Amino acid sequence: MSFDKLFDLDQKYLYLVLAIMVSIPIIKPLGLPVVPGTYTKGTYDFISSLPEGSVFVLDAAQTAGYGAELQTQYVAILRHLLSLDVKLVIVSFAAEGPMLVDMGFAGGTISGTPVDPAFYGDVYGEDYVYLGFIPGGETAFFAFGLDCWMTKVDEYGTPLEDLPIMQYCKTGEDWYGIMSFAGGNHEQRIAQWNSVYGVPLLFGVPGVSAPRMYSYIATGQVESMLVSLIGAAEYEMLSGKVGLASSLMDVLSLGQITIVFFIILGNIGYYIERRRGVK
Amino acid sequence: MSSYDDSIRNISIFITIVIGWFMILEYFVKAPAINSFAGTISSISTCLLATFTIIGVGNLSRHHVKNILTQGRNWMPSVVLIVSCWIPLVIGIIGTRKDPTYAYLYNSLYLPTSQAFFGILSFYILSAAYRTFKTRSLDSTVLLLAAIFVMMGNAPATSIIWSGFAPLGGWILDVCTAAGVRGISIGIAIGSVVTALRVLVGRERRHLAGRE
Amino acid sequence: MIAFDTGKEVMLVMSIIFIGILLYMMIVEGEQRKKVYNIRRLAPMDAIEEVIGRGVEMNRPIHFCPGTGALNRLEATSTLAGLTLLTYIAGIAVKVGCRIIVTVSKADVYTLALEIVRTAFRLEGKEEEFVEEDIMFMPQQKSAAGMLQRENVAANFLMGAWWHESLVMMEAGSRVGAMNVCGAAYTLGQLPWFVACSDYVLIGEEFYAASAYVSRDPAETCLIAGQDYVKFICLGLIALGSILATMGIPVLTKLFGGG
Amino acid sequence: MGLYENLLIGIFTLAIWSLIYRENIFYRYAEHFYTGFAASLIVVQGWESVKKIAFIPLMQGELIWLLVPILSIPFFLFFFKKTRALYMIPIALLVGLGTALGLRGAIHAQILGQVIGTMSSMIKDTPMGTFNAVLITIGTFCTLSYFTFTREMPGPLKSIPRVGRLFIMAGLGGAFANTTMGRLANMSGILLKIWKTEAIYVIAGAAIIIAIDTIQRRKK
């Protein structure tokens, strides 16, 4: 019976349907609604309530493997922070960081339109700085908290003495908050930054790492977080600076609905099969 | 031969014990000299990990060169492997990763391939979910329902159908997932303490290919 | 100048209690009194021999991977637990004459796996049958997916610390009809796949207990019993602490630096 | 990026994705290329961090870093049968460090951190909040008791581990959903590259190849 086949589809057809469903919004954005969740609101509230002139550290440890997931978050946060009057110190604890930070400023396929600090009236070295990649994982987190001048020069080779912003940022005690975009090593960051300096710690995490973060947020070790692309899209909506994430949200919506649809279809098939087996 | 191996194994286990307990005690102690020495050990280990790749890449190349020479199965792809390993390696060592040729190869060939492997996961998730997520027992039904509601909650578009998906999904994540994950994490942590302890008192030698 | 790092008192006391209990169980109960505790059934470990036997019958190899974690990081314990199980699995596979393929993505773990399998062959007196090429170094674990399909493996043992590669490996296994036997701790994001896609799975702590379950060595099983005592302490703290806090006396919570 | 780069991106992406159709020659070449390049990458990355961490300070006279070349000798000796066993010594250092960090981190962040997190007042401002807090505490308690190996819960408490298992499943369901979201987000990034650049032409080629293959296999 042809009806039965519907519940035991060849994998190829599943893949084809998924590919088509997720391609539709890329070719023609649908503009489906986005509703901000609690954690995104928490992050937005924290960042918008930063006092004037406070030092905020962005740990741009995203890797290209996570693709649009972390990069869109980084860009959304970067745009918002640049529009505020805060001292922004960017640093990377992942080797691919420098490449993706450059892509953030210059624009790219997984990063969206370019971010121009001058547009927000920000000057390099006074309002924001990029210190480059610091290797070493947990030991580096520890060392950076102890001495923010450990790199001696910024990513572009300028000595830190020549950058006025760095006078405000010498140790972890000077930070008002830190936000980390990372796919791993979250516990180590909590241990070295939140536990040692009591700095409010925010995270931008890929969907995979989110489950273990809920309990850290409940215990207050982590202030709040952005989860995956959806966090970035919600943040873009809240901060009113629409970028790539919002347009990719439709892909996520349709993709997840497709998967749920097939799970239900598979279960209907399973149910029918079982009833037939009983008879 | 085996007694020689054993004596080296004993020395290694001794080193493990010394380094391990030093690192544990270091955590409780506030002394710049000791803390920075611990940092040094950690840095040395990063370097050793890097130099260990000599064995890995050496053996990988040896196997594939052998395969090419004997014209075994898949020897043509083996040629690709050797070329794609050693040419970028030489460029990368002489220049750095900032070398334009290396950056070009990395950005236009390696990165897309790497991302494609990530992207393949979406397809696999779909087929795995379709095949295995069945309401076989109470356990799997709970798993299935939690997954469906959270997914519908994560897809903002579903708010058109029912605005309750997002809060319900959020509730499952905040309460059920938090509780379940917290229990699992504590369990995993206790398990890893035990495994670590066996190594740190020198009772575990199987990872060094030793007999009990 | 050496000083105790203040603020870590609770951690120190609890570490001493935990480590003390475990060491007592291992050394006194296990090694001196030779007491063997019964461990509750772990189906995956019972199935291993049968799974390998299936490989021999079908004349297809089995595949093992100790995860993608390195040795100098937090996840080292998972990797070590995986390698311990490799000792056991390789031992059986060599004994029954089943070809075993091991893929490893970290060079340090690769070296260990290579020597473990070599030793397994040597212990059975079959050192000349050992093929070094079967222990493969895969700088990116996910690229082993195609190899699993080409070699047509009969069983796929994935035991260690896993990240996103796990699903690729399991799907590759199920494509060729291999039995997936998995053990995973450390990364929670991957556990759903292990539960859904594998035929046998060791979740979380079960994975660490597995080697004691198969070896039935007194010291090891006593350690598992000690592990349970530590767990009872945690359970007691959770129950007592939350009840006290609810009654408005958060003594325990304050003592532990929470709340 | 120019035309050729975009075409290459398309070709490599689709070659890898063809694995979901079946294992084939395009995939095999792409995979071997990927393995090779990844091998070169870890060597280059490794060399850069060795240079940054050890080599430059050593040149400046910090003799402690001599340990790195000394401890690296066994890697070269690994290829000879007689000296092979020496690999254990540098491994021992790594294992000591890793297990110590694991033990430390497990007790501090995971056991104590999570236990403390659970030990809070269950009475919250709203009835719903109280209900949730009670549920989280019960859930954590039951889940943890599922992992007891040598003792069984006496009599009426037998159902506690069972409830714990249900919490584990609910937890995993949530984890599944979040992971899915992440993977789809990744995929959307790749699809953007393919659909919005010249790589789109590769899709047509791939479709033709798959169609031919399907017809040929039907004939067989």
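Each chain gets a letter, A, B, C and D, in the order it is written, and its residues are counted from 1.
The working rule: a contact is a pair of C-beta atoms (placed from the backbone, for glycine too) under 8 Å apart; a residue touches a chain by one contact, two chains touch by 3 or more.
Just so it is clear, the structure is predicted and the values come from calculations on it, not from any experiment.
The interface carrying the most C-beta pairs in contact is the one between chains B-D.
Most remote chain with respect to subunit A, judged by CA-atom centres, is C.
Annotation: 31 Å between the Cα-based centres of subunit A and subunit C. Centroids built from CA atoms put subunit B at 21 Å from subunit A.
Inter-chain centre distance (subunit C to subunit D, centres taken as mean C-alpha positions): 16 Å. The distance from the centre of subunit B to the centre of subunit D, with each centre set as the mean of the Cα atoms, comes to 5 Å. Multi-chain contact residues, meaning those touching two or more other chains, occur in subunit A at positions 11, 15, 22, 66-67, 135-138, 187-188, 207-208, 210-212, 215, 218-219, 230, 252, 255-256, 259. The multi-chain contact residues of subunit D, meaning those touching 2 or more other chains, are 19-20, 28, 31, 34-35, 38-39, 41-42, 45, 49, 53, 78, 87, 91, 94-95, 97, 99, 101-103, 105-108, 110-111, 114-118, 136-137, 140-141, 144, 147, 168-169, 171-181, 183-184, 186-187, 189-191, 193.
Residue positions 24, 27, 42-43, 45-46, 48-49, 52-57, 60, 74, 114-115, 117-118, 120-125, 127, 129, 131, 133, 143-144, 147-148, 151, 154, 173-174, 177-178, 181-182, 184-188, 190, 192-193, 195-197, 199, 207-208 of subunit B are each in touch with at least two other chains. Interface residues of subunit B facing subunit C in the complex, by the touch rule stated above, are 24, 27-32, 34, 42, 45-46, 48-49, 52-57, 59-60, 63, 66, 74, 114, 117-118, 120-121, 124-125, 127-129, 131-133, 143, 147, 181, 184-188, 190-199, 201, 203-204, 206-209, 211-212.
Every residue of subunit A that touches subunit C in the complex is listed here, in rising order: 137, 184, 187-188, 207-212, 219. Partner subunit A is touched in their complex by these residues of subunit B: 39, 42-43, 46, 111, 114-115, 118, 122-123, 125-127, 129-131, 133-135, 144, 147-148, 151-152, 154-160, 166, 170, 173-174, 177-178, 181-182, 185.
Contact residues on subunit C toward subunit B in their complex (touch as defined above): 1-6, 8, 11-12, 15, 18-19, 22-23, 26, 70-72, 76-78, 80-81, 83-84, 87, 106-108, 110-112, 114-116, 118-119, 123, 132-133, 136-137, 139-140, 142-143, 150, 164, 167-168, 170-171, 174, 185-186, 188, 191-193, 195-197, 203-205, 207-209, 211, 215, 217, 219-220, 223-224, 226-227, 230-231, 234.
Chain contact summary for the complex, subunit D toward subunit B: residues 1, 5, 8-9, 12-17, 19-20, 28-50, 53-54, 64-65, 67-68, 71-72, 75-76, 78-79, 85-97, 99-104, 106-107, 110-111, 114-115, 117-118, 132, 135-144, 146-147, 164-181, 183-184, 186-187, 189-191, 193.
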